[in-house]
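Can you read through this structure? Questions will come right after.
Order of writing sets the labels: A, B and C. Residues in every chain begin at 1.
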Amino acid sequence: MAHEGLFQELKVVVGEEYVVHAPEDLVVFEYDGSVDKALPLAVVLPATTEQVSGVVKIARSHGVPIVPRGAGTGLSGGAIAAKGGIVVALTRMTRILEIDPVNRLAVVEPGVVNLELSMATAKYGLFFAPDPSSQKACTIGGNVAENSGGPHCLAYGVTTNHVLGMEVVLADGSVAWVGGRTRETPGYDLRGILIGSEGTLAITTKAVVRLVKLPEAVKTLLAIYPRLNDASAAVSDIIASGIVPAAIEMMDDLAIQAAEAAVHAGYPADAGAVLLVEVDGLKESVEVESALVEEVCRRHNPMEIRTAEDAAQRERLWAGRKGALGALGRLAPNYYLIDGTIPRTKLVEVMARIKEISAEAGLPIANVLHAGDGNLHPCILFDERKPGDTERTLEIGGRILKLCVDVGGVLTGEHGIGVEKQEYMPFMFTEDDMASMARLKLAFATDDAFNPGKVFPKGASCVDISQMKAVARAGAGAFV
Amino acid sequence: MTTVEKAITQPGQATPAIPLFSGPDAPEERDLYKCVHCGFCLQACPTYLETGLETESPRGRIALMKAVNEGRLGLTPTVFRHWDLCIQCRACENVCPSGVPYGRLIEATIAQVEPHRKLTWMQRRMADFMLNSALPYQNRLTAMMGAMRLYQQSGLQRLVRKARLLKLGPKGLVEMERSLPALPDSFFAAQGQLVHSIGTPRARVALLSGCLMPLFHGPAMRTVTRVLSRNGCDVSVPAGQVCCGAIHTHIGDLEKARAMARRNIDVFTASRVDAVVVASAGCGIRMKEYGHLLRNDPAYAEKAEQFSAMVKDIHEYLVALPFVPPQGRLDYKVTYQDSCHLSHTQRITAQPRTLLRSIPGLTFVEMENSTRCCGAGGTYTITQREFSLRLLDRKMAAVRETGADVLATANPGCVIQLQYGTQRAETPMRVKYVTELLDEAYSNEPRRPPPGQVTAEGAWDEERQEMRARWKTRSGDRRRRIRGRE
Amino acid sequence: MTTQISAYTVDGKTPHTVLRPSTTEDLRSMMAAASADKLAVVPWGGGTKMALGNPPERYDAALDLQGLGRIVSHNPADLTATVEAGITIAALQDALTKRGQFVALGAPLADRATVGGTLAVGTAGPLKWQYGSPRDVVIGMTVVQADGKATKSGGQVVKNVSGYDMARLHVGGLGTLGVIAQVSFKLTPLPAREATLLSGFASMPQAMAAALAVFHGGAVPLALTTFDDDAARRMAMPGSDAWRVAVEMGGRPLSLERQVKECEAALRAHGAARVDRLDAPDPKMSGLWRKLTDFGWDQPTRPTVSARVSLVPSKSSEFLEALEHVPGERAVVSHPAHGTVLVHWYGTADDAAAKALSTTREVAVRLGGSAVFERCPVALKASLDVWGDARDSLAVMRRMKEQYDPGRLLNPGRFVGGI
């Protein structure tokens, strides 16, 4: 075989069984949590930084691209080998190297699963704040690459706010530290640049993360509204009232129906929207703020308000929200999930516009959103077997993202650009903006060695729908 | 039989003319494409956790199924290997947001693989014998195990092991011999017996005897009848019932499994009962899924659905009854291993704990990751021995951490595996069924049945008779020790 | 004009020209022209921290951004604001306060320090540290590159992963990769009430232990600062405690009262000789925090040399103990929760100052931290590295400079490793 020599060299570095190149084995590395697929040439599973460095050097000497991969739960195609090459899966580097409760930090390998870290630090009353919905499976390395958020990042911030430093392998195979254990280190904030760079600039092999005190009290409130507009207005009002809840989540009527069918959360059949607000902190302020939130919610004519104070009750209130996306499969064979963010004051306007777009196109759109951040997740429901459905879905997806950008928002709040939204980059950025970003690749001397074919538009800046068709097995979706 | 080694094609470029899924039992597309490869299942999967390899994950196995289904991959030995490493614990089903019926998919897939396996003549004969000539016939199985018990107890086993005679036999024989647990002095058998309730009957239930549990754990089966009877149940153990067919589905012989399911449905529905109680978690889920197994059988589809609705796991049944909390003390520190086929597939996790916590004196401690598989999984201990042991050792480490002196669980496979685990870990810890502990607690009660609830034929008679039987015979449990009626 | 030009002197070098854009478009065309003429440009905000960094290699033009002083938009209901880089921190915070909000960004001499300059320096002040470093509050940025092109990144939303997070290059980049023209911030509602506890201790270890106890306790302080008696005297504070701990807390009335109670108990349990409470809007409270923020930068407290040391919080005490043996008149202000220790020396001769600074760095590095010499006489800059070692990532940093400013026009030579 053409690449036998390459495989042989890789095997010397990571061991025979951790170089995967049989066709049957590669097929399970052609996807991540998104809709796109591409087969890699080989997959290697290094166990140490030195092995990662060795693999990078070998790949470079053969002129083969490298695609870093964690658990493969990402939603924008960040972990797929868009241009072939070697996938470096970091799922064997799973050690929590250190927990330092005094300085509230932990040092972890990239394959450590997000939730496992919080479970390991809970005994010190600490946790790792970013909580993407895939937190049971996704890795810290992946969180760093994608700058992951989660429902609770409204109050706590996203990954970049919680990582102090990383050990990384650069494109020449050298190992460097960016940031460190302390808040300030001399020089440019390379740490901040690498977080969210979608694996295109370096491979993280260790991360120093901040740990946050577990809140003393948590109160969750569920407000059910007859109309979407009322719920959207309530969200804007809560934010404007000077309270920053830990999370504000919202679902519209279609999402409610699906969730109700799947998990029987007990939502009224005629509910137009459900709002889930969580307040945490010191118990005295939680008391006051949850009362204030409730008052604001009541101002917008809810059908009903429910509250939860213990873990079991909270679990019940969250059940509908958490089960919503998985349940959308009940409404249509496929759905296409969008991830734009808008200023929170535009919620009413944009939600209404999305409903109009849905009606115009004749395709239902269910909405599940991190409303507190203005992070929308419209899900276009369609059936890929119906002629024209897929094309229309993609076209609407583009229109919704354009709408987000037009009202002062952005293309993606937490899923990343990847291959999914690369063609939409010109909605938001000029040629100069993108050229400036692209220079980072030169600064990191990657020569497109790391994760090529991502983030930046492929060729011309216009969005070519026919090109997107390959992407369109959009049964996929995802859990946000 | 031919396996075509075929380089994988890019997505969407199917190449026909390689062996694909076929027939009415092929994995259903509807189920397959429910998987949106979100990856939530990864951390639930014991083989993924152990290897960190996507190929050994539920999502990876489904991707292989899809690739075969789409004609991008053939049914090759490499593909089989990844499917075979699945323990079928179904922990992934529990965490799947899309509701992918993984158990159904992997069973259907393994069934597709069967005809393509390259087995030696000897392997094929052995498998055929076990599946078609032994398991469906409880009397043959009993005779075999009787002979085995003789082998173990007569000193022959020691001799054979010492002389390493088995090394001369076919490959795998040594492991099989070693994994066979010490057999008890008495077996249990379904002979149409009826164990009367203590006190006024509250319900009438039929009990699945099963295939291996009555032989490996005969005395434990009797604790089940006693516990039921103590809780006011008339317990019948219908004659003519057969193995539930779990092992057959597990390794892909769906036709045989269906025949056995039909037989059991006939036998158990011959007389009216309130519930069909199953003491083995693996058999419980199998029987609860008869409806799906026989969905294409016009004569049985509906009956099977109704039957499945009647099947109750013993713990589930006792708690719903509700059971009488025991008065007798057990001063044990107990931890509980969730059997996969109880926790993941039947979603029964609270009830065994409720039963254990009800026992006065008993201290209950949770172990870390109690729902993670111990590595038993039917024939898995034989076919994937090395891997099974890796999982077992990890499990025993978690168990040891609790400092418990009794490890309780709910499935014969788990009991056997965990007993072997205690041997390997060299701990004096005992492995017990939850019902055994409950029975022990009941037996520690003052021997004075509550006033007004005395009957002549109670479970306690059975216990006395059992002692007597054990005294009289060492070769089997053929005597009918309980007066029963059909 | 000469007097005015001399005001733009940096480390003894004076430019030929001062550029004063009043719009982003001005800035863009001025940079384009400077680029065409290959002029070395030093961007200026309020000029409060020009002592920082190496002397410029070349210095042709000062780029004074104070003309870019507008609030472009403030969306109170969305808790976001976009401002031009030349607005002062004080002017911005005043405007936000009127709507009950603030941005978690502070700087010494806030009525002169600009948003752009503060971000370019990138270090956190003592205030509201729990809301993060300056880099954590920026959600979008427009930058004018060395070639005169304006590029933007981020947006005006609080959650965004569209494209690379380019603003990170410029926060703490000392204007060496581009000139910050416009910034979008995420804002925070002001706490309903605020209170400060100022306590006195007989020794440094006691004060540091008390501060860490507060950090780990039930209260969620907004700011936590310790300082020695020398610093107190220079700020003309009464009393003679060897060390003091100041804790700012905020929140709803009930939770604030509880925090104050718990915090006071923790301070006393660690040997506080006295604990005084100051409640906002008591001018003494804002006065205390302003003095602590300005320390080392305003005229009365300005030292000869100073070092900004970054450590993990638990090492502050050990660090200060190791520094005991270094001779010289000194004042220390530290933010233990952040792991920052600011050491200032006064009236020291050059060689003694050099010795003090290098010892400071040695100890900091030995304890896993780093030290930046924020104030250092030009004479000493020749022999001392004011930034410290960026180690294995320096090569990438140099290539950044090559990419974004190949002509070395922006603050040439002033940054880490002579970038």
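Here is the rule we use: a contact is a pair of C-beta atoms (placed from the backbone, for glycine too) under 8 Å apart; a residue touches a chain by one contact, two chains touch by 3 or more.
Note that the structure is a prediction, hence the values are computed from the model and not measured.
When the interfaces A-C and A-B are ranked by how many C-beta pairs touch across them, A-C comes first. Chain A has its Cα centroid nearest to the centroid of all protein Cα atoms in the structure.
Mean C-alpha position of chain B lies 65 Å from that of chain C.
If you average the CA atoms of chain A and of chain C, the two centres end up 32 Å from each other. Separating the centre of chain A from that of chain B, both taken as means of CA atoms, is a distance of 40 Å. Contacts from chain C toward chain A in the complex involve residues 75-80, 100-101, 122-124, 132-133, 135-136, 145, 149-166, 168-169, 171-173, 177, 188-190, 192, 212, 216, 218, 220, 251-252, 254-255, 257-259, 308, 310-314, 338-340, 368-370, 372, 387-394, 396-397, 399-400, 402-404, 415-417. Per the touch definition, chain A reaches chain C in the complex via residues 100, 102-105, 146-147, 149, 153-154, 157-158, 160-161, 170, 174-178, 180-193, 195-197, 213, 216, 236, 239-240, 242-244, 281-285, 287-289, 341-345, 370, 373-375, 408-417, 421, 425, 428-430, 432-437, 439-440, 442-445, 455. Those residues of chain B that touch chain A in the complex are listed here as 6-8, 10-12, 33-34, 36-43, 52-55, 57, 59-60, 63-64, 67, 72-73, 76, 78-79, 82, 95-99. Those residues of chain A that touch chain B in the shared complex are 20, 22-33, 37-39, 43, 45, 71-73, 89, 91-92, 94, 111, 113, 115-116, 134, 136-138, 262, 322-323, 325-326, 329, 333, 470, 475-479.
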